[in-house]
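Down below is the structure, laid out as structure tokens.
Labels run A, B, C and D following the written order; every chain starts at residue 1.
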Amino acid sequence: MIVAKQKKVNEVIDMLGDDFNSLLIVGCGTCVTVSLAGGEREVNSLAEILRTYYANNNRDVKIETETVKRQCDFEYIDQLENLIKENDIILSLACGIGVQHIVERHQDKIVLPGLNTSFYGATLKIGEWSERCIGCGECVLDQYFGICPIARCSKQLLNGPCGGSQNGSCEVDPDIDCAWELIYDRAVKLDKLEDLINYEPPKNWEVYRDGGPRTLIDQEYHEDRKE
Amino acid sequence: MKKIAIIGGGIAGSQTAAVLADKGYDITIVEKSDSIGGNIKDFGCKATDLCLQDNLCLVDDVFNLVNDNENINLMFNTRVNDLSGKPGCYSLGIEREGVFSSIDNLDYIVLATGYTRWSDLETGTPEVDQDERIMWASELEELIKFRKDHEQGFKLGLKQEPESAVFIQCNGSRSIQEKARYCSKICCGYSYRMARVLKHFYPEIEITMFYMDLQEAGYLQELNFQKLKENGIDYINCKPIKVYSKKDKVNIFYEDQNKGKKDSLKTDLLVLSEGVHPKEVNEDWSRLFNLQLDQYGFLYPIEAEEKTNIYLAGTIKGPKDIAFTISDSKNVAYKIINND
Amino acid sequence: MLDIIYIGDQIKSPKLNTLCIKPEALIEFEGEIGNFKLQVKDDDKKLKDLKTKYIVINIDAVRENNLEDTLNLDLDLDQLDPNQDIIIIQDYEQISPAVINKEALNKAIEIKNKLSEKEVYFLYRSMRFIDDNDSLFEEARQKGIIFLQYEMGNLEFIDKDKVKYERDGLTSELQGQILTTPLLKPDQRLKRIIRLLNIESNGNEYIQSTNIYLQPSLTGKRGVYSLAGARGPNAYSEYEFEKEFTLNEIKSNLDNFEPLTENKRVVDDKKCILCYTCYRVCPHGAVQEDKENDAMKINELACYGCDGCISHCPASAISIQEKTEQKASNNLLKVLMCENSADTAYKKIDKGSFKDLDIEKIPCASSIKKEDIFKFLRKKDSRLLILGCFEDSCKHITGDGRGNRITNEIRDTLKKLDLNHNRVIFERLSPRMEEDLNGFLLKWKEGESS
Amino acid sequence: MTKKYSKVKNMLDAGHFVVCSEMGPPIGADPEFIKKKAHYLKGYVDGVNVTDNQTAIVRMSSIAAAKLAMDEGLEMIIQVTARDRNRISLQSDILGASALGLRNILCLTGDHQSFGKDPGSKNVFELGSVQLIKAVTEMVDNGILLNGKVMEVPPKMFIGGAANPFADPFEMQMIKMQKKVNAGVEFFQTQAIYNIEKFEYWMEEVRKRGIDQNSYILAGILPTRSAKALRMMKKYVAGMDVPDHVIKRMDQAKDKEKEGVKMAVETIQRVKEIKGVRGVHLMPVAWEEITPTVIKEASLYPRPEVE
């Protein structure tokens, strides 16, 4: 899922500025709810924090809240059409995708991000998530026994660990596992160490966003686009 | 519903009563003082910024339950002086403010009269009464009961705030006198907690503890000797030979058993631990209920309690810490329930 | 319906209908006290469903030989070379629990009895005095066993039959047959059991035992007990009593299980997104997935009512059924008191001076909600005091920590908003600190606070 | 194919025990800085590494600095890290370096930028050290770029790589070293050695795999003059193994500088005895002026002459 973190509240206030009278905070009910950043609870908490702030600073601001299932589908955004129109500013507690999707539907509105979108990750335990994939466009997990050196090695090394790997930790931070230690351990466990001896040529980054912003088209649904 | 008399309203009696009353038993607690609580009333929580697990948190709930439960009949200022009848139909003769009466048709009787604090000054009697720097653990307890430094910081209130403190363990236990050869089990942990409280409010204080052996009952078990030392408390293995009250300091002479040499040290505060001792009333119980006393005066556990319908709960059987007393008393209650 | 399923080793339990399963046989687990449902794979790899009222986890700790090429405690005395001295080394790397200390002392005495002509050295870091260990220690000394205390730096293995021992500047080399006491480690299967049953464990992969509410054999989950090595190496010291207690407690309560709370906590299945946050937060393992309704559900009998799940649910999907709405008060001074600590202490003090405070009893510090607190703080000059428990004496095991964390987040936010963060304070109290509470409340009312 | 254009290589081929050293370019654009350093190294060493924004701190370009030092008469080894450049930039720089007359290259992945003063910079790491070695080998030996384009005038380079005997996982590091050999590496410079026992064991493993037969191994020596520096390295430098007894020895020394030289000389003498070690690589950090002293005291001076 997409892991995000709420922006610092003072940054949100600076971003909102002084030039508005009403605000709609929109939560997103999927990934960022699970990563405890933009679900209904966070939306309500943030609304109360802002109300407290404006009340203590003698400003009269109307704040409304709503959480939809997903902000990355127009159908859900359209459910909010009236609410969005009625308010001066929309603060989206979704990943960057949600913010832009609201913008796409409401070109005349100021839509602001309430979260910093962080990465694709997995929950390790409550309140702790870890990056596992960068969406490189060409999965190599088969070659590395299910541990991605691109997402999990600080240097994205494909041919073995760097000299900074010690006691299973990455040189960047002892709390980061060395991905190559993990790959090596898996290889030993599966008795496939010899698979790691082969030279791995430089990766093709064209399929990542180095090839330009990506759009995925499933031809099955797009007969008309077939050439 | 079956009728049960519990003699003693300390934590053991109260905990037994609480479990049984919850099951609907008709309980009478016979307590010689004017309230429930027993020895535990005198102890305060030893948490500093950390919980030191003295387990006192567990007892108030129990006492509140006992006070509020309608199945529990509390008889204060009452003493037991007679027993008649047979299992399933006992009668207890009682005396309350000069008036004699009896509680009849008792299915079960639980004895939970606890222990008494006892100390022994064989190690060169220090002048506890004259010197405010020398005190029993219970006196220090009184001083540190109100501990949180919300005012101008915590002060013990002695003429001179202490820069050092010494604890002497096993006063009243492990005695050479035949009476108390046993270990009281709770004092090591108790003194350790008090030492931690002192350390918390006087971070610079030097603390030394004289011990015979460190009984690791309860909380101390999780700690072990090494970790105890890490908390900045020095441990010396012996009972001091002699203590003198001098003008500036209290002087202590001792022979370190591990090092085999004589030495002395000076301190601003000397705390003497107190042991767990059987109550004299145990002799009455032994006679009245036909129970066996051990060589020190505690009551032996009853082997066929499910037949005699007489049960013993808590420290009447020997030294126990709060947690163990609570578990033991619950266990007694369960045994009664399971016996039905 | 069984009375008890033992996971690990069976305990003799007359009059009870029990069954024992191996830890690795457990496949699935759900339910609550009085009705635990287990899916178990038997030796023929067939799956079967079991139901039981109680669970007792009784898995021994694993003994690991400390050093290769040394003898260990379960040696046969005939294995010993009668012409060599014996060196027993306890506490190497890790301080041994009392139970190992006892075994080592007994073994030392046995060896000395057999090889009375030879020296028996007993090197240790810490004597664990418990039960009769002190008299064993005394007996061993009288028999002439030589006890030497060491610290980790003072002992060096030179050869497989030689150690160098250093103390107070004196160095000596001991030669003889070396016997080391084993390390006790949690059984690796325990981890999986802790996960499947969703019970709290301590950092060492044993089942939590330091919390005062979890004595002597209770776990955070109602109806699940842990004994011996499952609990931790020190649990062996009172093993016999704990066994008896556990069986007696179970026997005394085999039917008619009552909920511990008045109001039920319910999950709105339309709002629930199955994120498992409540499952992870619940210190009592009371939450499970309700596959029929595609939502989480809270087992009523397992719930202790701490409301941690309500304050932590990111989708605001959990609520108390039939809860009466709190009347909004205009009081600027509010105190939230945990009912297990501060509120118990508050019962004991004279409330005269505090009539003008808005005092609310809460089930646990972890139940506080940011949203509600900021709603209260909207009133200028309003101040809030949250009173929770000390760590290790929180009835909801980790609730104090969660309460403290939420408070810190709130204070942090206030700082960022340039509002006075001392308007919200978290303090730890115990039920026995009524005098402290009194002093503290007075002080806080005055407006000066730490 | 024999290469005669690298003096370092010629020395090694001739069987001499080679001495390399290292210099860090200035944080600034002062050419005199380089010239001064070159001056006191001249005659004492067979090759000098120029670090490439070492520990991710911005310094003068390693190629530019190397050219300046070369003009002072030194044989230079340019370090090239893959941290800051993609394949286009890396290849172009190597072509440029060769055109300037630089003949030795040490291919590195590079320290992560979080160690330096620009932790907020974006890293590249498009190639790892193995891929970089392979790319240079293809360019030098076959005149082919990564994209397959054939050059008319290929670059000339003696190709080196780094090896860390103290990094984990041991076996995987060995595999990677073997990969570097397969990719065309001709010499290795190792991480600084303080744990000599571990290094000896590592060399044994290197010999077992025949790596010493297919490449030259130069042992890393890092003279220091303070226990504090040793502690810092132990704690903060990735992949360093500084045993406590080494720190203790420095702690107890009265004359720390003398002790530092003594320790370096002792290490040199010990590694010299190890089969397969073909030279040393001195890398005093912020104490570059000590290099001649160490070399003299280790009886490695004067340096032999090779054609």
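In the analysis below, a contact is a pair of C-beta atoms (placed from the backbone, for glycine too) under 8 Å apart; a residue touches a chain by one contact, two chains touch by 3 or more.
Worth saying up front: this structure is predicted, and the values here are computed from it rather than measured.
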Touching subunit A and also subunit D, the following chains: none
Reference subunit B; chain at largest CA-centroid distance: D
Leading chain pair when contacts are tallied as C-beta pairs: B-C
Where subunit C and subunit D are represented by their mean Cα positions, the distance between them in whole Å: 53
Separation of mean Cα positions, subunit B and subunit A [Å, integer]: 58
Inter-chain centre distance, subunit B versus subunit D - centres from mean C-alpha coordinates, in Å: 71
Computed distance of Cα centres, subunit C from subunit A, in Å: 36
Touch-based graph of the chains, sorted into line, ring, star, complete or other: line
Contact pairs between chains, per stated definition: A-C, A-D, B-C
Touch list for subunit A against partner subunit C, complex: 8-10, 13, 29-30, 33-34, 36, 39-42, 44-45, 47-49, 51-53, 55-56, 67, 123, 125-126
Subunit D residues within the subunit A interface of the complex: 83, 87, 109-112, 114-115, 123, 125-131, 134-135, 146, 162-164, 166-169, 171-173, 175-176, 178-179, 182-183, 191, 238-239
Subunit A - residues contacting subunit D, complex: 154-168, 171-173, 178, 180-181, 183-185, 193, 196-197, 199-203, 205
Parts of subunit C lying in touch with subunit B, wherever the complex brings them together: 95, 97-98, 125-130, 134, 137, 149, 168, 209-210, 212-213, 215-216, 234, 237-238, 241, 244-245, 248-249, 251-252, 340-341, 344-345, 347-348, 389-393, 428, 430-433, 435-436, 439-440, 443, 450
Partner subunit C, residues of subunit B touching it in the complex: 19, 23, 43-45, 47, 49-51, 53, 55-58, 60-61, 64, 145-148, 150-151, 183, 213-217, 221-222, 224-226, 258-259, 323-324, 326-328, 330-331, 333-335, 337-338
